[in-house]
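Both complexes shown next keep chain A, but they swap its partner, so chain B is in the first and chain C is in the second.
Let's look at the complex of A and B:
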């Protein structure tokens, strides 16, 4: 006989059920809040960066501008500035500047920067973040008036067009990211020249040619593992191989360059190339895998050789995928910092990289340098540099997404 | 008549070329294949180069008469320049920051994976997933800035003066946020791989959605989640810039997250950033640390891959 004793009675069951539903809602809320925390973190991060890149700055001149000119500072013309600089700088310093770039060719803004930097010696006392500046504007004004009676308070954007085209400077007010951006572009360019052909070749080999044997298995496992090796280990590899062992090549000594050691943009670019190689191989493999077998069979059917099938049919169809993967790998290379520190990025250079054998700095290196400085004006330009880096990354990734959507075919 | 037939015969032989069915030697093809093979095998050489170079310099370090394994693993002060070789001073900070990072990223990553895989509508997913991907794409040095100039001040206002300016807590928390997308996406893959039939069986028994997710789907995906956890640990151990910026500079044997301390990676970054003369004990000691890092992450990655491969076979 079947008895119902083992099962809860209708009323108990309903009570338990409402409890279970309550638990369900709570858990669902918890799951969702985890995602919300991630979103809040991202928002906070972006807010924090933008917040740092703008804001009040209190600055003072070490020398009174009136000593040099009677015209108001904002109305100085190019010629007037040149005369002022010539009159007041020591002739040696003036010649040095003239040698770097002739005065007549410098723009008014550049000359004005020189005037502020060299003659009146602008001196930043304190900076405030954007939110703080907007919310406590009156308080800051009162504080500045009390603490630095002679100082001027100004709302400043640290991220200006000028910031993008000015080279490094030891003073945050006059520093820019030009050298760093150029260095990053060199690095990424060398990395992709090295890793795209080799990575695509390796992917073609593994997908199209490799027999199913132990060696192929090892190569595949090895590539997956390399993708997980910490980037700083690649930096150590680059230091040992590219900087030391291959010094004659990477310093350019073989090509007649005499004034450098192995810590060049070439060494760093090759290190980056090795670092992104596994990523490019894995992405290219996925792209090649997605090309349907029928295409290959059709090619073989009309008498194509293996390479003809790959070159004329598989590769053209896999190309958008390979390029998308490469762009993503590039954006990884653009943001990597640790290997560059190890390989030996210069902490201070103001000359643009001219050749693969130049010393270099890069955008993330500058961000690191400026973030670790104690003065708050350096934090402000670090924030500015981060905005530049993030915009570059966003552009790269958007290109990758567009490329994927535009050319990707579903089979 | 006779002539005509003869003509026909010659025509026949002419129109059908003799085929040689032996494999043709095509030099071009072989060269290309060899080049592709070399590209494929290069990755092996990269690994060999890593092991060889790190190993060579690390041997120089361990062969120094002053360095003994007893000192290396048995003491807690690290200052190779003055004869202190206790690796624990660096390992402790790596352990603390990684532990905090996992403490943050595992529950959050897992919960968001469950939400994305079990609850979110198609439209919600298409908005939420890219946000996680953006989080994953932010360079680590930017996270370092965030840790030092945003999280640390907030923590300071909560905890107070015991918190040092550079501290392992804020570095660990931000590292957790950095690893979250990785754990989330790997766990989500594992959860989505659980067959629908298991969920439907649970619903048929009257289970609610949460009961299905937590008591049926989650256990079934546990090995994949384990793999995600291990990869997460490996990433945390190898992470450099966040700790280099925010955790402090100077080896410090301490398990107190409020203290400043230097991790293995942070130490390599700081020392190699300065001018370092080759063959000095400082130089070779960095390679010893890097070798330990490499072996540690290698083992973690291998375990994780092994788990993923085993797990994939289960439902196919």
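Let's look at the complex of A and C:
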């Protein structure tokens, strides 16, 4: 039928074929190396964080513990510690501590920490990273013995159970992330309470109700663009709207809270909510779009109204997707730092956030603040805090994934 | 006069924007009969069918002119709520589309949203029996409808439609996604159902139209790509001595 055959034959074909395979191999190699680069970066990141969170520390006491008590340090009881503290602290300082939390209610460990912090004044001389500590153990020991003859050298994990439940302190050795973790949870909680219903509602309206015209086109484009706006811009927005304009509301003045300004966890949470709103809308829209049209038609076919079709069929089937979107948004909110700085997160605060109208700090703020300090022990606790943040992130994601799977099984 | 026909259209035209998809359809559908709509692909059969219970309302840019009477009421009149239309004129779709719920819920849901006040268990059983599905599913009413075979799913969709007790049932190629045995069962079911309901069915399958329907509407597109009913008569007549040459060509397989 074909008078001219324009295809290469036998030998030529095979040659061309090996050329095609060669091209494929090159591309495959490129994709593999891309994956390897990603894996190496991730491993390096995790190594770097863990490396900082453990290691040798050399510390000294500014005052000899023997000045305060004759009992060995490890055997001090709660009552003894209170007496020591009362005798040696200035009455003003003691009263201040008593006001924060009555001495009798503090545990032995807390009191012992106070004793170390305020009286004998633990003084960290130098810290080493985990790798360095393990590889050059002998060298470090020799160095410490020479430079700080009275100091104690100890291999320490900066990430301890104590670290999780202690509030902020000006001494790295006694600082913890309790306030920051609680602040972050409050933030994310408020953000999701605000943005999940609003975002899902907006997505339902856009997908199921809004007519497809130029106006909805513009709105859609803008939502997509908003998802890419730098977070600091949302911070400015939060400062202008939530902190300043809505101050009576966000400071709690309307609800009888008097000792607060607009820089509350509520303002920050709402700012975060606005920040993740476009993400939630877009994801919810995708999830709603993925519900097959035949399902809507089935509902309409038995005489359902639009709302009934949406409420009983579209929404339940889109829910797993909407939750997945919220997981991503949640992670974003948990790690955001810039808007919090603008909205006015406190960098030093040792009181737990008690209500939406509390001052607050958050993990990323704390980490940022610690990494900017000159002393190396703060870098170590920053690494510890990063581990906490990552674990928190994974826990939240895992919870959400479990939740999503449960919904999925119920169709 | 009014009740002589189940549904009656008068110069019904369906437009998508400026394009007319179906033009000037005037047919009178007999009650408690099966009416088949046949014709080549793209002639507007499904479009016409969907216009009958205002399913086209959801298609952006679609609008309908002309009149469509159900018991003397113009379904495209200003006072008519499309939800009410769909309540009276049920629909079975081409691809079985049960709700992703239990078999029981598939039937109960439509009844519930329409304010059914009777005994739900009875309604479910009755509907499933009418759709010739009861014996196969009576022991697994709480199981997912998705676990059923395609043919069973389609019969469930029919049961779901019957449950809301419509006056007319529209079927859009209900057997095109099914194997021959399931197809046959659906056809047998249609013969049962026509005792109580008026059925209008779109089909590509000429034999199906010939053996299962009482009346046949033949559709064809004109030069402007607008579909229209070129012949509407008893099925026997359409398939043996049609009056239009184009119908004859089509049903004998010489065209389309």
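Structural remarks
Methods note: the second predicted complex is superposed on the first by the 364 of 411 C-alpha atoms of A that agree within 3 Å, B and C clash if a C-alpha of one lies under 4 Å from a C-alpha of the other, contacts with A are read in each partner's own complex, and residues count from 1 in each chain.
Definition applied: a residue touches a chain if its C-beta (ideal position, glycine included) is under 8 Å from a C-beta of that chain, and two chains touch if they have at least 3 such contacts.
Predicted model, so just to flag it, every value in this text is computed and none were measured.
In the superposition on chain A, contact is made by A:383 with chain B only, not with chain C. In the superposition on chain A, no contact is made by A:354 with either chain B or chain C. In the superposition on chain A, A:222 contacts chain B only, with no contact to chain C. Of the two partner chains, chain B and chain C are each touched by A:305. Partner contacting the larger number of chain A residues, of chain B and chain C: B.
In the superposition on chain A, A:71 makes contact with neither chain B nor chain C.
In the superposed model, A:294 makes contact with chain C only, not with chain B. Of the two partner chains, neither chain B nor chain C is touched by A:160. Of the two partner chains placed around the shared chain by superposition, neither chain B nor chain C is touched by A:108. Counting contacts by the rule stated earlier, residues 305 of chain A appear in both its interface with chain B and its interface with chain C. Per the touch definition, chain A reaches chain B in the complex via residues 20-21, 23-24, 27-28, 30-35, 37-39, 41-42, 44-45, 48-49, 52, 197-199, 201-202, 204-206, 209-210, 218-219, 221-226, 228-233, 235-237, 239-241, 244, 274, 277-278, 281, 305-307, 331, 334-338, 341-342, 344, 347, 364, 367-368, 371-372, 379, 382-383, 386, 389-390, 393, 397. Taken together, the chain A residues at the contact with chain C in this complex read 211-212, 292, 294-305, 308, 312-313, 317, 411. Of all residues in chain C, only 53, 55, 58, 60, 83-84, 86-87, 90-93, 95, 97-101, 109-110, 113-114, 144, 146, 157, 160-161, 163-164 touch chain A in the complex they form. Considering their complex, residues 26, 28-29, 32-33, 35-44, 46-47, 49-50, 53-54, 56-57, 107-112, 114-116, 119, 128, 131-132, 134-135, 137-146, 148-150, 177, 180-181, 184, 208-211, 213-214, 231, 234-235, 237-241, 244-245, 265, 268-269, 272-273, 278, 286-287, 290, 293-294, 297-298, 300-302, 305 of chain B touch chain A.
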